[in-house]
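What follows is a group of structures, each given as structure tokens.
The same chain A turns up in both complexes below, where it pairs with chain B and then with chain C.
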Partner chain A sequence: MENNEYQYTESPFNVSRRQFITIGGIVVALLALPVVWVKYLATSRNDYILARTKGLYRDDEKAKIRVSHANPAVAQYYKDFGGKPLGGLSEELLHTKYINRTKGLS
Partner chain B sequence: MSRAVKTYQRGEIPGVIAINSSLCKGCDACKRHCPTGAIQGMFGAVHSIDVDRCLNCAQCLINCPFGAPYETSDAVDGVIAKLKDRSFTVAGIIAPAVRVAIGEDFGMPVGSLVTGKLYGAMKKAGFEILDNNFTADLTIMEEGSEFIQRARHAVFGEQGEHGAEIGPLPQFTSCCPAWVRFVETQYPALIPNLSSAKSPQQMAGAVAKTYGTKVWGKEANKIYTVGIMPCTAKKWEASRPEFKSAYEYHKHKGNTGTGTPYLDVDVVLTTRDLSRLFKKLNINLATEKEADGGTLLSEYTGAGTIFGNTGGVMEAALRTAYAVLTGEELKPLEFKKVRGLKGVKSAAVTLKDSKYNKEVTVQVAVVHGLAENIAPVVDEVLAGRSPYHFIEVMNCPGGCINGGGQPIQGGGSSWLGAVLPWFAWK
Partner chain C sequence: MHNETMILKHPLRVRIFHYLLIISFLPLALTGLALYFKPFAEDNMNLIMQIHIVTGGILSLDAAAFFLIGFERVILFIKRMFTISINDVKWFSVLGGYPQKFLFKKKVPVPPMGKYNSGQKLFGMCVLIGGAILIGTGWILWAFPHNLPRAAVAFMGSLHTFFGLLLTLFLPVHLFLGVYMFDDFKAMILSGKIPYHDAQSTSPLWVEREVMPLK
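Then we have the complex of A and B:
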């Protein structure tokens, strides 16, 4: 009979309910991995900034003197040489003026 | 002059950062880190930098996954030559953020504080130590006094000595060269608000070649000053032609040894450059003996060292301003509200001005990461409705410790900016 050539038997591939749940679970877990990874990257990408920040705060905490106006070297600089903050020599050496750089554009 | 150097003065380095076109993949990662949109080129095409918009901050450089951006100026060999020339005193101006980062280049854990080893290694290489933290303390004295003067002028109508002009509030900090360039190229109306105090690096250069001649017993033109910075914009800052104040000072005094004009800071090395210099001289920082600075130019306080963190300049300034205004020390000294990685941090301090015997409330703000956080703050100031009196601005996210001259630690996460919006529910 002609029709036999086109007869089709379904492949005997059977998945039980349990197996289906197992496979589904693995697929969901694999899909979730990149999400977990990205989240980890997002939370840890500032770690090196925080570690360096901590380093400087540690330097502050272990310093004997922790305020600028009590730095004896600064006091000596002003006494020997600089005069006083905002004084004549300070204006000359320690202050500056800024430039409007938008003029070159247009 | 060519179009490329419109926003640069004669003598300045016209753009510290460029992109190597053979390494650039056109992935656009750098564009998300650029504070001014200076990077040109379509997605997929080779990118280039518009030097007139560029602030020279190198955030693109430390975040590029392919290492395409590079620095156009490299002074390592020049500095080694000066170190070998015994007729020069080479002063290394060490910024605060360098001491918590350079260890990374020698296999030490991230964030290791290596001040003593760094001093030791630098002395071995032939440097004299000028700790930038010393001039950070000097900056606080100048900038803090300036703030008190501006505040008293605004609140009590106090006049300057000899009728000197007093700037408006809010006062912006001026330590960050990228921020200064941002104001100069995009918001010139805010120039009067910038503190007139030089950055610690430029103060260090001026002090080294004036007061330093007494400390080291050398003529000013035999003192070679090297900024050692976590920052590429400092290379540009040092090349600004107006920063020859030590030369002007000696010329004015008629001192000998002036000769040809010289800059206050001759040359700048980044943290990465210094690591390279040590490696060329076979110095291993990790195994180096600890040393101390030697002269008074390396004595610093805790307030000077936190300049490298976002909020640090503000915290240091508040500690001193509080003591000057009230006559008492701030207790506790830690000012936690200006710490941390929030984009814009603000705080209020109520204190009694002992000179006028009146209570005043000082409103301060701290901004870092210009790309994302500066626009609203600047707009408020321009509209005249800013609640703040004193605003610290640092270009790089986290402050100088994450500067463009630091060891590269991105961890290859620069593409996250594009992906994170997909996970917006987190």
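Then we have the complex of A and C:
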């Protein structure tokens, strides 16, 4: 297709071995670095969430009172004021209703 | 037919790489501009995005294939692009003599160049670095936008936009000067060959140092 129609061509590989290794090494390193960076970003994406979860578990382990029904303040509320858990007064005071507040955002 | 002495400047695989570059980058540039300025309705913008993604896939496959098959040519190209001498400073000081030629029809002395002149070298550097960044960020923005932190994805989006606009701005200059140097244009688009005497005048250092007779 291309033969016999030209009399000259360029030297097939006008690069020394040292230049080939240097340039090739730089190219491979420049291609590898962003891959390592993106991999680091992908794996460290949940670092904040994981740290927060760990902190919550640690606080929970340290806490003296770990369930609401063992809380003396809650027990005192029911004894002095609220009556019994899930009673009418407590439900009226402590429970809330779902309100869709997303409509006003868009 | 004339019996002019010819040099094979662009081998077939380089031309195939360039053909695929043309059919992928031209639509990528146009759809990229449309995606940036958003002049159309939503349906059309979605279609434009699909075209952008498909042609981006073609461009990345083309680049990856050439990188793997013609790795030694990639190395040679990088060497040529990043080999800078005082001649490049002199070339840029007269802008290759093009403005004088176009505006005043005056010919000024231009330092001897290798296979690529200094303007082409600058363009080549931008294509090499910008193209790699565009391909890398393009794939991440399309395929893995939710696997990375939002700030990192936004940064990659900005990089993609910047280099996309930069290469798109280079495109008309490249097309104009490509067609202006018509023998080189024909060599890249058609035969791969350039007349020896033309190469001697446009790329004397290349002819002197790298061109050799066919055995």
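Throughout what follows, the second predicted complex is superposed on the first by the 76 of 106 C-alpha atoms of A that agree within 3 Å, B and C clash if a C-alpha of one lies under 4 Å from a C-alpha of the other, contacts with A are read in each partner's own complex, and residues count from 1 in each chain.
Please note the rule applied: a contact is a pair of C-beta atoms (placed from the backbone, for glycine too) under 8 Å apart; a residue touches a chain by one contact, two chains touch by 3 or more.
Quick caveat: nothing in here was measured; it's all calculated off a predicted structure.
Of the two partner chains placed around the shared chain by superposition, chain C is the only one that A:24 touches, whereas chain B remains out of contact.
Using the contact criterion defined above for the overlaid structures, shared-chain residue A:105 touches chain B, although it does not reach chain C. Of the two partner chains, chain B is the only one that A:58 touches; chain C does not reach it.
Of the two partner chains placed around the shared chain by superposition, chain C is the only one that A:14 touches, whereas chain B remains out of contact. In the superposed model, A:38 makes contact with both chain B and chain C. Note: residues 38, 41-42, 44-45 of chain A belong to the chain B contact set and to the chain C contact set alike, using the contact criterion stated above. Of all residues in chain C, those touching chain A in their complex are 5-9, 11-12, 71-72, 74-76, 78-79, 115, 132, 136, 140, 144, 147-149, 152, 191-193, 196, 206, 209-214. Contacts from chain B toward chain A in the complex involve residues 6-9, 52, 96-97, 99-101, 109-113, 115, 134, 136-138, 140-142, 144-146, 149, 180-181, 183-186, 188, 191, 194, 196-198, 202-203, 206-207, 210-211, 214, 242-243, 245-246, 248-249, 296-297, 299-306, 308-310, 312, 316, 319-320, 323-324, 329, 333, 339, 341, 397-399, 401-402, 409-411, 413, 416, 419-420, 423, 426.
Note for the complex: chain A touches chain C at residues 1-2, 5-11, 13-15, 19-20, 23-24, 27, 30-31, 34, 38, 41-42, 44-45. Interface residues of chain A, counted against chain B in their complex, comprise 35, 38-39, 41-42, 44-63, 65-74, 76-78, 80-82, 85-86, 90, 92-102, 104-105.
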